[in-house]
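Presented below is the structure to which this report refers.
In order of appearance the chains are A, B, C and D, and numbering begins at 1 in each one.
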């Protein structure tokens, strides 16, 4: 898939809860094809301690409006500075990067599991899955109810389940504690997950126990994002592979030490 | 009239003095979506060793002030893998494809150089005696004169085309190292590889890199690189290829003024994957603006009196 | 309970591990409007030589990516001028005042050290064998083991208090240099002085500095400095004072984890003249947050397994 | 004089001609004493290539409004980025730094000569001189008429003379070509000047020829601004001295190779 370097115009910077915001960015020419699971390498101008670009998942694509959305967690200097960008500002992105989630066939039932900011790629994924006649259930985990990431958005793609660590919304506990995982409840053909490594590993094990494939989206530190530097490797059954080109989406079974 | 941009590195005539640096440009195809790699003066591909290598464990990268540390550790398919899988995909590029040759032993360097010597479309190798990220060999060859001489001489015997030696900046006297490899038969030198550095995560109290130390690159090292290019170019007669922190055409021109005949773009490729042609165009603009007809008249043109 | 911040450098008990670096804090009074210098663990004053020196011609400074080059070249009033004009103004500070001793010959180092030895309120000297900005002596002493040993031994014979030796980073093997000066009688080492660098003005085609090359400092060099502190602290038994690019308390903690017993703040004083107490407070906050009772337990506490 | 590090609020960013702007900055507490000729070391946040602070002259002080003005030329990255600062933004300054222009006695007639952006310190100087009963003439030089620096401001302090290189306003030529320098016209007790070194040297020689003292304000590259680094030296009859503490104002006769 052809990669581009484009200047986008920021259309909206929407604070969605403490520590997270959504940037909606627009291109002046028609957007190229962008697939769920892909990411962009974003240049954060004006942040002196942010030398490299920052990888951010494609949160949503709206071809009608010609916009891309990014869901961002304020983590360090770079993302914090990005949060100060205003409508009208320019955002330079190298995109679309990486592989994509594998989309099964119409009629499948799938479970999308996102923890914290890890739900970022799951919104666009759910949209495309639904469009392809696949039944989507999204399971979203957060620390507290007010840390959920615009849950209403995911409801458009299908059923939405919620867990919070403090029980202030949905089921109390982590995503893996949701009753959906119980054998008698589990009725999915495929699992997709993105979030902290520990969460994804636990999810991948539950999927394996239920004998369904599980695709995980990894976040390894990156320098180039295009397969040139070999900084972002992950240990797989076929050796070191680059998260930025062979990933970020991997089948959990390919990853070493993920499913015991 | 457009200024002339051609320069010579030994037998190679470069269409312009801008090359890309080993380990930062893959093999070329990674950047084809952004521009045609054939516009470059040359491309130095990833360090190639005798056998396939997995490199170091993750994490391999740490961002630092205006720079980055890497500890990739020569992950590559090995020379046979290169010849079989990669060479066919890049031999059509209309620019000089240069293989960065690495190893743990003199024998390994010889083996790789000999095999590369047989490839029609590879007119030169860059001998990497300065990789800070491998346990054996690598930088060790590049930090003592006798071992640098030994490996250069050994490779010189089997390698008949243009032999570039890439020097380590982690030495007391870089000019002495350059003189040593010049005497041992090098046709040109690349100055500099990465500076040995380290990053620590204060919160976890752990090193950021799996290997604890790694190689520092990017604008942070530019002042050191410029100084070394200047010292080396005064000491030796063979051409110097300058690199270390070049981000813009102005940076590149500084290296030419300091004595480099050509430059390589490394880390900058990560920040702007389309930077190569911009630097070439920027050099041309500078020459026009200063009414300099030929880029060669910039080389070593620093006014120091 | 407030965490304990005291550390020992040989016979000196520092109230906290934060000192200021030679050449970047004047003699202390320059910063009195911003805070009381006595809150610091120690102050290393400007390099002091046998005779008054005018230093190098202007320009002496070039900004670089996240750093700066300086070519001051030991401008100072000479040791007699120091004793007569400056010492009376700073001897009341309630912190360790350390004189950075520089010279062109072993005899000059001895002369300065002997005169400073007689000053009641100077409990230590820092032997600067690493100044890159003087034509004679300076860095030359700090880039070869025999000469580093010679000057350290000679000064050791006449200097009876705490003798710190400041090492040059412009060497192949810094651990070897540290071992050499430890053997020659040093009580502690400071790691690192500036990296030799260069800046060029592409428009005028001239070097920016009157001396062409100068010393690189600031965040740009932090990864190299951290690596050297780590290498040195593993090699020697005497305490290491870490410096190079420290801007924040987090940076300072990284140096302690790498093995430094204390740190020095250099270029950061230019960016924020009130940075000293902020770094002290930041270290204290970090210790509280991590429930560490004594800063000493951070020293060399890097988790590397 | 006590030095401070203060956060100022930007009240106004006024474009005055192509390449130059005036920042008016306000302090939340009462301003400390600031004298003509002094400068501030300004932190330019958000400019990745601007590591050090930037020295800028005190252009004006308004104790009633509690504001300081800076007149800035867009030269490189730092000053260009500073030009994007907006009202409401914060500007951190270390100030007041350096010595000050020597003010003579009431009744004196003085000539202030500024070239380009070098007029910056002469506005506040003229104001204080006038307040002290000194007769002020300001001679302002620019390349073209539309490159003059708010000339009307200087008229408040006394007479204003203008030279432009292209003759589009005032006398054609450099400041030294103005007829005021002719012996029969020259009737000043003292000259003050700030601008490019070559201009100041020529002015200092004309002052010397007319046997009056000339104070010049130098712009040496600085790192610390407080006398700690010794980077900003100038060669004087008494050896190397720091522009940031012994200057920026020097008597031309103190400077080596200035007046032959």
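Operating definition for what follows: contacts are C-beta pairs under 8 Å (C-beta built on N, C-alpha and C of every residue); 3 or more make two chains touch, one makes a residue touch a chain.
Computed from a predicted model, the values in this text were never measured in an experiment.
Chemist: Take the average of all CA coordinates in chain A, do the same for chain C, and state the distance between these two points in whole angstrom.
Modeler: Distance between chain centres: 47 Å.
Chemist: Round to the nearest whole Å and give the separation of the Cα centres of chain B and chain C.
Modeler: The answer is 34 Å.
Chemist: Could you tell me the distance, in whole angstrom, between the mean C-alpha positions of chain A and chain B?
Modeler: Chain A and chain B have C-alpha centres separated by 36 Å.
Chemist: List, in ascending order, every residue of chain B touching at least 2 other chains.
Modeler: Answer for chain B, listing residues that touch two or more other chains: 62, 64-67, 218-219.
Chemist: Counting only residues that touch at least 2 other chains, which ones in chain A make the list?
Modeler: 48, 51
Chemist: Can you tell me, using the touch rule above, whether these chains form a line, ring, star, complete graph or other shape?
Modeler: Graph shape here is a ring: one loop, exactly two partners per chain.
Chemist: Which pairs of chains touch each other?
Modeler: By the stated definition, chains touch in these pairs: A-B, A-D, B-C, C-D.
Chemist: Could you list, by residue number, the parts of chain B that touch chain A in their complex?
Modeler: Spelled out, the residues of chain B in touch with chain A are 23-26, 30-31, 33-34, 46, 54-55, 57-68, 70, 72, 75, 218-219, 267, 269-274.
Chemist: What does chain C use to touch chain B in their complex?
Modeler: Within the complex, chain C contacts chain B at residues 62, 64-67, 69, 143-144, 170-173, 195-200, 202, 204-207, 212-213, 216, 218-224, 226-227, 230, 245, 250, 253-254, 257-258, 286, 301-304.
Chemist: Can you tell me which positions in chain D touch chain C when the two form their complex?
Modeler: 2-5, 43, 49-53, 94, 220-235, 239-240
Chemist: Touching chain A in the complex: which residues of chain D?
Modeler: It is residues 46-48 of chain D that touch chain A.
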